[in-house]
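Each of the next two complexes has chain A plus one other chain: chain B in the first, chain C in the second.
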Partner chain A sequence: MYEIEISSKKDFKDVRGLNIFSEISELGIKGVEKVTYSQVYKIAGDINSLEAKTIAAELLSDKITEKTSVKTAEPSECCSLPNSFAGLQNQSLSLIEVFYKKGVTDTVAESVIKAVKDLGINKDIKASAGHRYYVYGKISQSALKNIAEKLLANTLIQEYKIF
Partner chain B sequence: MKKVKALILRTAGTNCDFETQIAFELCGAQAEKVHVNALLEKKDKIFEYDIMAFPGGFSYGDDIASGKILANEVKSKLGDKIKKFALSGRPIIGVCNGFQVLVKMGLLPEPSLFEQISTLSYNDSGKFECRWVYLKTLKTQAGKNQASTNCLWTQKLPDIITLPVAHAEGKFIAKDKNLIDELEKNGQIVFKYCAQDGNIARYPLDPNGSTDQIAAICNKKGNVFGLMPHPERYVYSLQHPSREGYDGEHGWGKAIFQNAVNYVK
Partner chain C sequence: MKPETKCKTIEILNLSDKQLTDLSKKAVLSLSLEEMKTVKRYFKKLGRNPTDVELETVAQTWSEHCKHKTLTGIIEYTQEENGKKSKRTYKNLLKETIFKATVELNKKWCLSVFKDNAGVIDFDLKNGAAFKVETHNHPSALEPYGGSATGIGGVIRDILGVGLGAKPLANTDVFCFGDPDTKASKVPAGMHHPKRIAKGVVSGVRDYGNRMGIPTVNGAVCFDEGYMANPLVYCGTMGIIPKNMINKKVKPGDLVLVAGGRTGRDGIHGATFSSTQLDKESDVSAVQIGNPIVEKKVLDTMLKARDLGLYRAVTDCGAGGLSSAAGELGEKTGVKIELSKVPLKYEGLSPWEIWISEAQERMVFAVPKENKKKIVEIFKKEDVEAAFIGEFTDDKKLTLTYNGETVAYMDMEFLHDGVPKPTRLAVYKIKTEKKQKPVKLSSAKLLKSLKGVLSDLNVCSKEWIIRQYDHEVQGQTVVKPLQGNGIEVSGPGDAAVIWPYTVVKDTKKGIVLSNGIDPQYGKINTYKMAASAIEESLRNAVAVGADIDKISILDNFCWGNPNKPEILGSLVRAANACYDMSKAFGVPFISGKDSLHNEYCIGGKKYSIPPVLLVSAMGVIENAANTVTMPFKQGGNKVFVLGYTRNELGGGVFSKINAIKDGVVPDVYPEESKPLMQKLHAAINKGLIESCHDCCEGGLAAAVSEMAFSGQKGVKINIDAVKTKGNLTSSEILFSQSNGRFVIEVRDENSDKIKELFKGCAVSELGDITEEPRIIFESKKEGIKFSEKSETLLKCWKNTINW
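After this line comes the complex of A and B, so read on.
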């Protein structure tokens, strides 16, 4: 399985991260210094590394404003620490990851499956699309849970994990 | 008199195709909505038309990024036909989501290059912005470092017009400053957001924070035109909040479509 993470390049505004940061302030939660946002796609199937990189560069990211990170991951790692976060984790940085719950239609993932075929990669794949919010600042677990449930996830159809 | 034929390309999520069809028909063209799958079954059908339009909407639900999936689909399956159509000098317009498609497939700013070198990204506000805005038409603004635009779609427009916008990803960004200078020098910047008096617009009249307040661009030749505002939503004066129209009955959007129809005639 490939895990593709898309985030804003350094010189471009991370509008979604900034927005969430502002909404956290409006919730009255103190201690958050910054939030950055990444879109995450998990793609499983008979594709190779070159194809995964093509999908990331040609389909899932904007060449002008976004950068990509393509990593392999075992499907069983779905609930463990994401590769992108390994080595970054410390007391002043937390990660909240949001994906659809099993059984809920992931429409973005369905579009990805169609669009991968449009790219000429005619292979059967499975995909899921989610969001990662990197939260900077010393924040308690209960505050992170509050942020996740009030702002980031619709817990009826989505599940979140805090790392 | 030749009947001008316009192709309006639609797909899942397109929602401005009817209004675009009405706009072209109001200008005397015969406009046909064609689903992308139908065009893929008969690719050369594209050359039966004089004008091509990529209408507004939310193609494929704006999944991944607005216009991205349709841009990839059209480029990979119809790319050579679309490029030939553009290079033949036939008028092409992309409105809002259609502009995003043209830019992301690389038909704008230059179809001969056919490579993405600019983008339309998230509005600075992070929100969907929907309102009437003022647009400075750059054709009359030629100066020392700026050519008068060749855009066939905007000939004879006044210095400032008004049109509605409705988008979440309309911030025009070029790959670098040199490209902006090139666009300016070649007269490829067609509309800029402005204040009512023509001065620099601030939010909310600048709805997205585009580089240099750019709202519309065209290719060097002036036949391929992309804009975030919706001309098809202002073809009648009755569509304007104050019922204003350039001739009492029609809005500036009609003048834009009329220019292309007259050009083909």
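After this line comes the complex of A and C, so read on.
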């Protein structure tokens, strides 16, 4: 399985991150210094790393404003730390990841599956689309849970994990 | 383990009343005891227990959402006024009020009313204009983005599903939200913050509407804390349909084709769920997810198939899913369906789930056998999945099979006419509204009030929302939602005008869309609230140039729990207002919808929403070029107000911000308003009007200010010149929200013509427009004078909602 993460390049505005940052302060939660946002796609199936890179570069990202990271991940690892986070881990950085619950129609993922074929990669794949929010600052678990449930995920249809 | 996909038999024949009630609740059937007993009797006659598929089918078909049991049921109504009681029994409230007015008006230009997915009126010789507005409240409370997106997706499919399908041209959206500034700690557990709901709903409508390539051209947003846990989301769509395609006719032997999205477990029990109150434990599977790309493909391909005459009937899969769609089409004939042929998103769905799933973007067609190949080819070309799932019969039965095994076999007649008519009690006590003590504010306080009114949530600019919507796509929007001198300088347009020249070649005609909604009045007097909403929708349409004699309207009731007699009583009053106003203005209702049971539970206590009627108006005009906008155009021109100003501060914004007790809610005077509207239409067509704006929330002061700041002009208003009924102070004249009034701009040389044309109506000449952008209000009589820069007032109006 490949995990593709897309985020804004350094000199481009991370609108979603900035938005969430201001909404967190509106919630009355203190101590957050910065929020950055990444779109995440998990793609499973019979594709190789070159194809995964093509999908990331040609389909899922805007080469001018966004950077991509493509990693392999074992499906069994889905509940452990995402690769992109492993090196960053310290006390003043948390990550909240949001995906749809199983059985909920994931329209973005459906479009990805179709677009991959349109790209000329004629293979059967499975995809899911989610979001990662990197929250900077020393924040309690309960505050993170609050941010996740009040702002980032609708627990009726989505599930979130805090790392 | 493979999930259970078998059909089960449900024991009901030997159940006690209590057990029947428990079963209805446990299985989310939302059927009353009386209804459960009717079902029991029916199956007793058949000598067997129902299957789960059959029971679910009955629940869907008989749901409030599909059958409107309250409005069409028996209501014993008691009205009390000045201690005197009067009684009346309604056998069918809808037929005896709203529908009755339409029948009595008997307008020849009404082509299809109250029988199809949308109302259709005459557009030109060859085409009709279709309009439908629906609500999607409960799903939006749980999942604001998905709920509102599927709301707009659903109403677009209503337009696709009217007759043989209309082409959608424009969307409208009206929302009621809780106070966005509510403290996070005050939001009950398990519910979203009003601001989160508002943002989610707006982005849902934006993403679905914009991706469908349909402009969102008209709307309104109301805020009140009563909508905190139960927001109202109204979505509407207007379309054009050739007149020879308004009727559908299913013939036995026609094939049942389902096209579009696949079926999943989405939105199971949506229809029955909308008849229950919201609380923490609300059913999770009731959420639907929209996919506009699929619907756009369905739209494009089905219109192609329509023009080739490849099908005889179509309807959308809305609430109740296939069960409603196929059930409706086959109501008069009978239908037989093999559920295993329905394309699924994933395995493991039970037959009953397939049958009632509310998965989105699906349309059901009745296709003559000879067109089988052709129609599938058209869908295939655009990658739209289409599957034949059965055929229409002539046995008047609903037959469902799953892998060949019969899982349901019932009479269509029992399904569609078997629902027992409940008798509900309704009471209403008419209270006399008291005039407030005379309000006499100083000049400084009046200016402060004006600023307060303009920046109030219910008056302020909704630009932050409107600009997210594409209101230009298709290139036919000639009068737009925001009007003014530039992107940074705008005012609120009264109505939108669509010039459908890409669909109807060489036409000059236009379609005007507007709405009226007044939740604040409904808290005091639902009769006046409904009457005001109707008049407001007409006034908004007429303000841009619509012809009052060619306007049709839609009703959308959102009410609390109708099992409470007082709440149902207030609904009866509103329905009566609909009849009275429809007749008095000569404006027919062509379609409508109701969403009752808007009730929510916090900490064990139940609350009903402030009841509200949304009225959406659609008018056809001869020439889309003969329309006007609201910003002032030229210094030196004269300003008039048409219509009387009365002492009506009740439920108004001014009263709220100044905490004024009492006050009379604005009433409607059709005998004054209708002739005035006819004359205004004539004046606009003669080119005598430079700008026109309706006077509503915030009264005359707000209306004049909006016209001035959006045109970057100034104006000097003589308050003493305003014609009133009764004695009013300057404060009351400026902020009374009396209905039936328009502010117009007229060139000096046309002033006399206007006075002549409006003879017999109240016409007050208020003053002059100035190039210097300063807004001045003066009353020599009371020694009042205050003024402010136009730009400052524009900022007051613009800066409230900037999320």
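Going forward, the second predicted complex is superposed on the first by the 163 of 163 C-alpha atoms of A that agree within 3 Å, B and C clash if a C-alpha of one lies under 4 Å from a C-alpha of the other, contacts with A are read in each partner's own complex, and residues count from 1 in each chain.
Basically, a contact is a pair of C-beta atoms (placed from the backbone, for glycine too) under 8 Å apart; a residue touches a chain by one contact, two chains touch by 3 or more.
Not measured: the values here are computed from a predicted model.
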item: Which superposed partner A:K138 touches (first chain B, second chain C, both, neither); value: neither
item: Touching partner for A:L151 - first (chain B), second (chain C), both, neither; value: second
item: Touched partner set for A:K53, first chain B, second chain C, both or neither; value: neither
item: First (chain B), second (chain C), both or neither touched by A:V15; value: first
item: Touched partner set for A:L27, first chain B, second chain C, both or neither; value: second
item: Touched partner set for A:T105, first chain B, second chain C, both or neither; value: second
item: Partner chain in contact with A:K71 - chain B first, chain C second, else both or neither; value: neither
item: Which superposed partner A:G120 touches (first chain B, second chain C, both, neither); value: first
item: Chain A: partner with more touched residues, chain B or chain C; value: B
item: Chain B and chain C contact sites that coincide on chain A, given as residue numbers; value: 107, 111
item: Of all residues in chain A, those that touch chain C in their complex; value: 26-28, 103-107, 110-111, 150-151, 154, 156-157
item: Complex contacts: residues of chain C adjacent to chain A; value: 142-143, 145-146, 184, 192-193, 195-196, 264-266, 284, 287, 289-291, 293, 345-346, 359
item: Contact footprint of chain A on chain B as seen in their complex; value: 60-61, 63-65, 68-69, 72-73, 76-77, 104, 116-119, 121-124, 126, 173-175
item: Chain A - residues contacting chain B, complex; value: 12-13, 15-16, 18-19, 58-60, 62-65, 107-108, 111-112, 114-115, 118-120
